[in-house]
Structures are given as structure tokens and as C-alpha cells.
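What follows is chain A paired twice: with chain B in the first complex and chain C in the second.
Moving on to the complex of A and B:
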């Protein structure tokens, strides 16, 4: 791969050849400040879901990196993402988590903005400004690009960034697993009402790398497996298809996205699940059959934890959730967790899944709790002068990834490691930090869109 | 019944209910979780909504709804028992080593007693809580809010049939909720 660097970002901090990554990138104040500039101001970030703002004038608070933003639908129905800060003196123009409005009026000096971001009201415009303020220049700061992808709203502050589909590259099908219906119909997922938001004392990259596909941390969750919170109300915490499918680590090397993926054997049906809940079991059996009919071979793919660079986590199996790891200083992360169900699912199914989601995920989730304890104290124990001298190791599976893997006729693009037998690799983390280092080093998107270089080189030959 | 008798009945009930709630807090703080579970009615609903900032007059949108929405907690006894079981595995890292927890229960108010104060079979009671959690070395959480409980008499003893927990926070300031309210 032409863009691979063995040593990246201030040589020695991210050393992919040896699989060693310095603790500095997690705990260092200056590196954190640089991340805000080089990563969060340039990458595509998840902002919310269109189902949160169905009607004109609807808005919901969100965040992009450290910035507070407003996701809203204007009176004409168009979706916008604005910086939640008055252009005059910076006050938040809205401090409600959600609502419906025709204007956002700043409580400080009274500037008001339409839901399309235009500055529509300036007190003493004639008297104090002599009607000379160019109001067209002082609307709310809007993101440079926004994309409504099957209801998921992503945005970036960088006008030079590639389009969102190009940013996703071959990762698109894994976001599809998240946003499409279980029966394979496009964009049928809807958000359950209520976004969980909570603070964890760790660097944002701890959850990001965990959701990139850390299959090595089974010990973390042994207690929840013993307590038995599976989807049927007992047993292991997840579903049975893991026992019959190929389990892969899939990394899109030039994009920095990565995921765990289950691929069902050809011609084999997904094992029956939720046996203790007949309505639910029936619903999913119906969806699986529909999916096979609609997608054919595509129905063999079953999603799992994954990460869109830099801080959007996917989990397209159950519990079906997305999360955003908002940086709040090098030592703190504000986690936002969104939960999905099929729009058309019977309410019994939605309620059943909701119960499972709450007991599994989030701060009261019996699985996620133990993750956060690890991120908390791993971070805390990495801050000392001595601790920082000793890098973490990400050596598992170095040099064993297969480019464009194939399993029983199913082609899986990217760098892939089959972890069915070997259980674990650290390819996803190396993939994440390779991209992280590229972002930290590159001056602009011309350098970051590495796939275009390769395409150009190929065309020249 | 005379006015005086009525007041005495109220006083006795208030005292009885407060003692029950303090005793419950004692069990939790002493980590006697199995005994605590025994205080819960089999059909208990244990619900802790999330809270949103909403405009004045839109109060009904402030709380996430039970059953349909995502909440911090919204579950029955089976899940609560599994939470206890998880702590008791000794490898639930978020509670291992175990936290030091103190429940302060105060402002206990009887809202309703049925069929009567003198012969109460069900009591709806409000209180304030302050939960202090300290764990490992310096990690400390303070959670303050209100509780609305429905207590039911079963074989002469109070059982908790419903608990609504109203935490006075928007973004949860604690990394997890591994303990009981």
C-alpha cells in the first residue's frame, strides 16, 4: 500500500512497523489541542438523525468535537447544522436540548437568527449601526458540508473534505447495516427517543479504539455473561450467529474506518434468536427471510462494533446503537449514545429491544460499565512521567492481513484478518492510528485523500 | 375518628414509612443486596428517566417516557436481580473493588395512603436523596434528586412496588450507574 508509513506523527509516537504507540497521544495536552485543529475541524462527524427533527422548525442540540452545534430543519424543510454561538459576542443562541422554533434569539444582546441561519433581528440596527451592518455576513456559522445519509446526519467544517460517500469509501455497506431495516429495506432504522449523554474520565480514543473492534477484552465482560442478560433475558449477552459465521476484522486502510464483521456461510440461515419472546423471534425470522429475498448474498453480512474515523461508533447487531465520543479535554470524554429500532417493527419488538439496550449499554448498561472502568483507569495510569515513556503494544496480527478477502464467494474489500480461529487481532487499532497519524501530519485534504493519489498513479501507468 | 386520632395515624404511618426507607438505605450501604432485593415487590417498576432542557411551559417533554423511550433505568425485578448477581461475581470491574456508598434519604412525605391512613395497604411517598459514592482512591460522585415510591403491604411488611427516580442532572456526571437509588 503506497501510503503506509511505518512511523508516523512526530516519529516514534505511532510506530506501525513494531505496533507500538506512545501513551503521549492519549494524555498530552498539546497533542490534544492539535487534534482539535487537525482532526475534529477536518473530519466528517456524526451530528444526529433526521428522525429527531421531522417537522419544519424542529431543532436538537448536538456537538462536533468540542463545538456545540444546532441540528435543525428550517421553515422550508432543509436540514442545517450551525455553530451554537452568537456572531456578536458568542453567547449560545439556544440552550434547550430540543424543541421547535421560528427564530433563535440570543439572550445576551438580542440578535436573532432564522432556522436557516440568517441574521434576521439586530436591536438598534438603525440607531446604533446606522443601518450599515451587513446582516448577510453575520448569520450563524454553518458547517462547510452536511450529508443526510439514509437519515444519519454527518457534517464537516472543512470545505475541502471529500463528499461523505467518498469519505466512507468501502465502509459504506457497514453503515448501511446500521441504518437499513433488519429486512434489508433502505434507511428503515429510526431512533428511539432519548440520547444518553455521560462523562467518562478518559481520552476519547479509548472508546474509539475499543469500538474499532477490540475482541480481546472478553475478561472485561465475564461478569455480565455470568449474570446473563442476553436478548432472551438470560445466557450470553449476544446472539448465536457468532457461532456459525466467519468472524472478521475489516479495515479500510486509506479511510481509517474499521469493524468486526460476521459473514454467514453460503446457503445457511441465521440461527433463530429470541426464542423466549415469540413475537420478537417471529419478527426477526420474517426480517431475515425478507433480507435474503431482497439482498441475496448481501444478507450474509452481519454487522458488529465498528468505528467511522474519528469518533463515531457503530453497532449494527443488537444492541443496535451508535455512539459519538466527544472530546472534552485530553482526560475526559462525553459519550453520546443513540439507539435504533426498525421504524415498522411492532411495538412489542421495539419495547423488547429497548429493555435489552438499556440493560446492556450506556452508563447503566451491565456490559458497557465494565468497559468504562477500564478506559478510566488505563488512562489514569498512563499520565505519569514514567508511564509515558512506555508505549502500548498493538502487535497482534502484524503482517497477516489479507487484501480483499473472500469467503465462499463473498468479497470483502479492505485489509482483512479472519479472527474466527485466532480470536483477536489489533489490525483495527493500527488502522485507526495510521489514519490518526495521517490527519495529524497532513496539511490539507489534498494530502489526506490518499486514495486519489493511488488512483492518479494507476491512471498514469 | 377524632382529629387527634387522625393526626396520630398520620404520624405513625409517616414514622413507619420513614423507618422502612432508612432501613432500605442501610441495606444498600452495607452491601446487603440480597436482603435489599427481598424488599422489592415481584412486579416492581424501577424507572429513572433522562432529563432534557426544554422551554418554559413544555414541561411534559422534560422527562423521557417509561416503556417507549430510552431511560437511565426502566426495568423490573429480574434485571435488578441480575445487577446484584453481577456485583456478587466479584469480577464486575466497575464495582470491584466495591464502591463506598452512602444514601441520605430525607424530606419524606406521604402523598397518598389507601384505603386509609389508619389502615394503609398502599402508600405513595416522596423523598429527596443524596447518594455519595467514593471508590478506589479519589473517585467521588454526588447524585442528588427526588424519588417517588409506591409502597405496598405484603404479609404485614412493606414492599417497594414502584420507584421513580428523578436525578437532577442533564448530562450524567458519573461514568456509570452501578449502584441502586
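Moving on to the complex of A and C:
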């Protein structure tokens, strides 16, 4: 492939009918450049969590695609997301990872911005600019839309994008599982410790598809299961409910979001967990009971790895984390992993979970190391001239998804495959790449908001 | 041209003389080495500035005077 293209991704490179996807979309420089414009400049992206910036003047560095951004709380308490680039000559106006400040000052020529983004300081404003520079026009570039959803800060550069709740659609309940408390109360999550950041030599879509719900690669984690790193000293996780639930692949086809989901049988209580730490075990037993009391049937849904299109990964059960796969060229991804606990959980519980999270996830986590090894070498082995000629296959479960699954009275919207017995499907990956191809081909959000077309057609009927 | 002054070390309350002959009192210091927030005490060039708080550029600070 020689030049950038805006057509032919689907079915040319992403052939969902046959379940074949070209390796070019992972390794091609031109396609990667197109992704920055057509995906990362238009989609909603996770920027950080409000608990990272509790006080006026607090800020943290983050990223949206390749863009460096500042997430900050201004002196009046409002949250902002700014491009970290001076309007005068582009220098980063902030080079610390986090802190508290009254102004962001560019070290190049000294332009200075308030935490609300206004340009407040221009050296020699009277002398060199003769007081004529219109400072109101030269504030920091702010995202077009920002949403604080239960503390999670998402943003987009596209003013025409739908609101964040509309962007999520029926996927909202799975983000809720991530951000609400273990006892079911709304928005109880807070960040535990700092954000872990590391580089992996692979395209950003490798981790994105992995966290979309790749259950097929469990063999990679066999050694971790055998070592028994889970909080009860067995396997990786400590979720007995996995053994009694229906295990689903849930895809929201219009949105490109997908997840693994467990649905507990009606009237069944969650098995006891965390037997190695009685105080933690008691705490979670209490939370599960509270959740059943507060949410009723809703407490039967148990989250698992999932992906909000394009590059935000969820893991709402344990270890409870979110991740962002920042693109750093076609052949490199910067992984950022955020760790969550309930803000009013006992100190002993937070400390126990911190140890468990570190053991499991991040660059030194035993499970994440397995994944990185796969993505690293799969990517490297797909870059060659010969390798590029041979597509990957995503054929598992083609044509077997059901619309709006139901189990013992619990309705699950979307395209769903019950993988309890069959173990695996590749429906989540097909869902991811269907949306990817739509973004790469669509000229605007009028085309991308496909659900609006369906709603209009239904209304016309 | 006077020697450059390290404005990062200047505490609130410190008085500073500016290149245009004005005198100001530091209100707060963001410690970025580039800017100070200061209130004008004297301003021969523009008397209307007296009493106002402005951001003062490091390059404009020519002398540090102790608070009275």
C-alpha cells in the first residue's frame, strides 16, 4: 500500500464477512497517520480521573492520541483539558507529570496561562506588542467537549461528536460497573497510587483487541494460573462467581464498544473470596450484600475486560483497573494503567489490593508481562514484506451472535455470544474493527452516528 | 543592563523596582522563574497602575528592595 486512503478499509482491509483483516492496518505508516486524523481527533478519549486533581490549581499530564494534554482544575474548581502547547511557538507549557500551580508558563518566550486557559502573561506586551495583541484569542487550546462521568474525565477534539452518554449508548452500564462502588453506590471509585506508564513495541490495536475480550489467549497466562497469584492463593483472580455465571461476549455494534460479562443466576449469592485476608473477605461480603440490596437484579451483572472505542480498556472486577493505549507511531504503544479502589474502603483493604494489583498488572505485573510478550513479537513478525501479504483470521463465531440476549429474566442489549461452553469467540474483535473501518471511511459524525439513522428509519416506519 | 535577578527566591511582601521606574510589592510568586504577581506602589510612567495587581515579567525586575 503506497498512499493514504479514505475508502476501501471495509471490506478491502477489514473483511468481516470472511473474518479476515489485513496486517497492513497494524504496520502501515500511512494508515497510522490517517488514524490520528480520523479516529483520535474525533472519538471520545479517556483523559484521567477527577480524584487526581481534587484541589483548585491541581493538574496532571495526560494524552489524547499523540497530543500531550493537561488535565487541571482551575481556581474556581472547574475541570479543563488543554493542549499542552504554547500558542506562540508550540513549546510545552507544563513539563511536570503533576502538581499544583497558579499559572502554566512557557519556558521558551515566557507566555503564561491561567489554570482556566486564559493567556494572562505576555512578556513586553506594552513594548513589543504595543498593547495590541488580542490576548483573548490566544489562550490554551481546549478540547471541544469534555465529560466528567462519575469522576472519569473523557474528552474529544470534535465539536460535532455526540455527547459522551450518547457515544456510550448501551455500554454505559459496563462503565458504571467500573466507576460505581463495590456496594453499588454511584461513583465511588478513586485512583489508588499513581498511573503506571510504559512502552511496548506494538501497534495500539494489539492491546485494544486483547482487552476487547480475547478469552482465546488464556493459555498465555497458564503459568500465572499455576503460580496462583490470586488473592486466595489460587489461579489469577478470586472470583468464584465465574464458575456459576453465564459468560458472555457483549458487543454494542453501532458504537464499537465490547466486553466480557458474567451474569449470575437468579437468587444466587456471590461465593466467598479473599480467604487469605479475612478483613478483605468480610469487606467484600458486606459490599456484595449491600449491592444486592441496592441494585436488586442489577447486581447479577459482573464486569470483566472490555474496551470503549478506540483505546480505553476496562477491567471492572479485580484487579480493578482502566488502561489507555496511547499510539506512539505504528510500531509503538505507550500503555497507561490506572488502579481503582472505593474511596471509603478501609485502609487495610486498599493496601491489600495495591499489592494484588501490582502483582497482577502493569509492566512488572505477572499477567501483563505475558500480554506484552505476545503483542511485541506478534507485531514484529507482521512487519515484513512477506508477512504483510497474509491476513489474520477472526472467524470464531461468525453468524452466531444473538441480538438482545436474555438469561433468567436478565436482558443484555447488543450482539451477544454466550461463551460459557464454547470458551471463545472473535465477535468482540470484529465489532472493534467494524467500527474502526467506519471511522476510517466516514467523513463526519453524520455518517458515524449510525444509530441515529436506524432510529430515524424506525420512526418513519 | 543590570545583572539578572533570580526572582524564584523572592517572597510575598518583597518590594521590587522595575525597568520603567515603577515600584511594586510582590503578592504571590508562582516560582516559575518567569513571572511574579505584584501590586504597583509607584508608577511614574502610568500613575493609573498604582494599586493595581499585575503579572510582572522577570526581565522587567531591575532591583530588589526590602519591605519597609
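In this section, the second predicted complex is superposed on the first by the 445 of 461 C-alpha atoms of A that agree within 3 Å, B and C clash if a C-alpha of one lies under 4 Å from a C-alpha of the other, contacts with A are read in each partner's own complex, and residues count from 1 in each chain.
Criterion: a contact is a pair of C-beta atoms (placed from the backbone, for glycine too) under 8 Å apart; a residue touches a chain by one contact, two chains touch by 3 or more.
This structure is a prediction, so every number in the text was calculated from the model and none was measured.
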Check your understanding: Is the arrangement of chain B and chain C around the shared chain A a clash or a fit after superposition?
Key -> fit
Practice item. Once the structures are superposed on A, label A:193 by its partner contacts, choosing first (chain B), second (chain C), both or neither. Key: first
Check your understanding: If you count the residues of chain A that each partner touches, which comes out higher, chain B or chain C?
Key -> B
Review point. Once the shared chain is lined up, is A:121 touching chain B (first), chain C (second), both, or neither of them?
Key: second
Exercise for review: Using the superposition on chain A described above, determine whether A:102 touches chain B (first), chain C (second), both, or neither.
Suggested key: second
Exercise for review: Report for A:110: first if it touches chain B alone, second if chain C alone, otherwise both or neither.
Suggested key: second
Practice item. In the superposition described above, what is the shortest C-alpha distance between chain B and chain C in Å? Please give a whole number. Key: 9
Point to revise | Complex contact set, residues of chain A against chain B | key: 95-99, 192-201, 219-220, 222-224, 226-229, 233, 334, 339, 347, 350-351, 354-355, 357-359, 362-364, 366, 368-370, 372-374, 376-377
Point to revise | Complex contacts: residues of chain B adjacent to chain A | key: 48, 50, 52-55, 58, 61, 64-65, 67-75, 78-79, 82-83, 85-86, 89, 91-94, 136, 170-178
Revision key, fill the gap. Residue set of chain C touching chain A in the complex reads 28, 30, 32, 34-35, 37, 55, 57-59
Study note, to complete from the structure: In their shared complex, chain C is touched by residues of chain A numbered 101-103, 105, 107, 110, 112, 120-121, 123-124
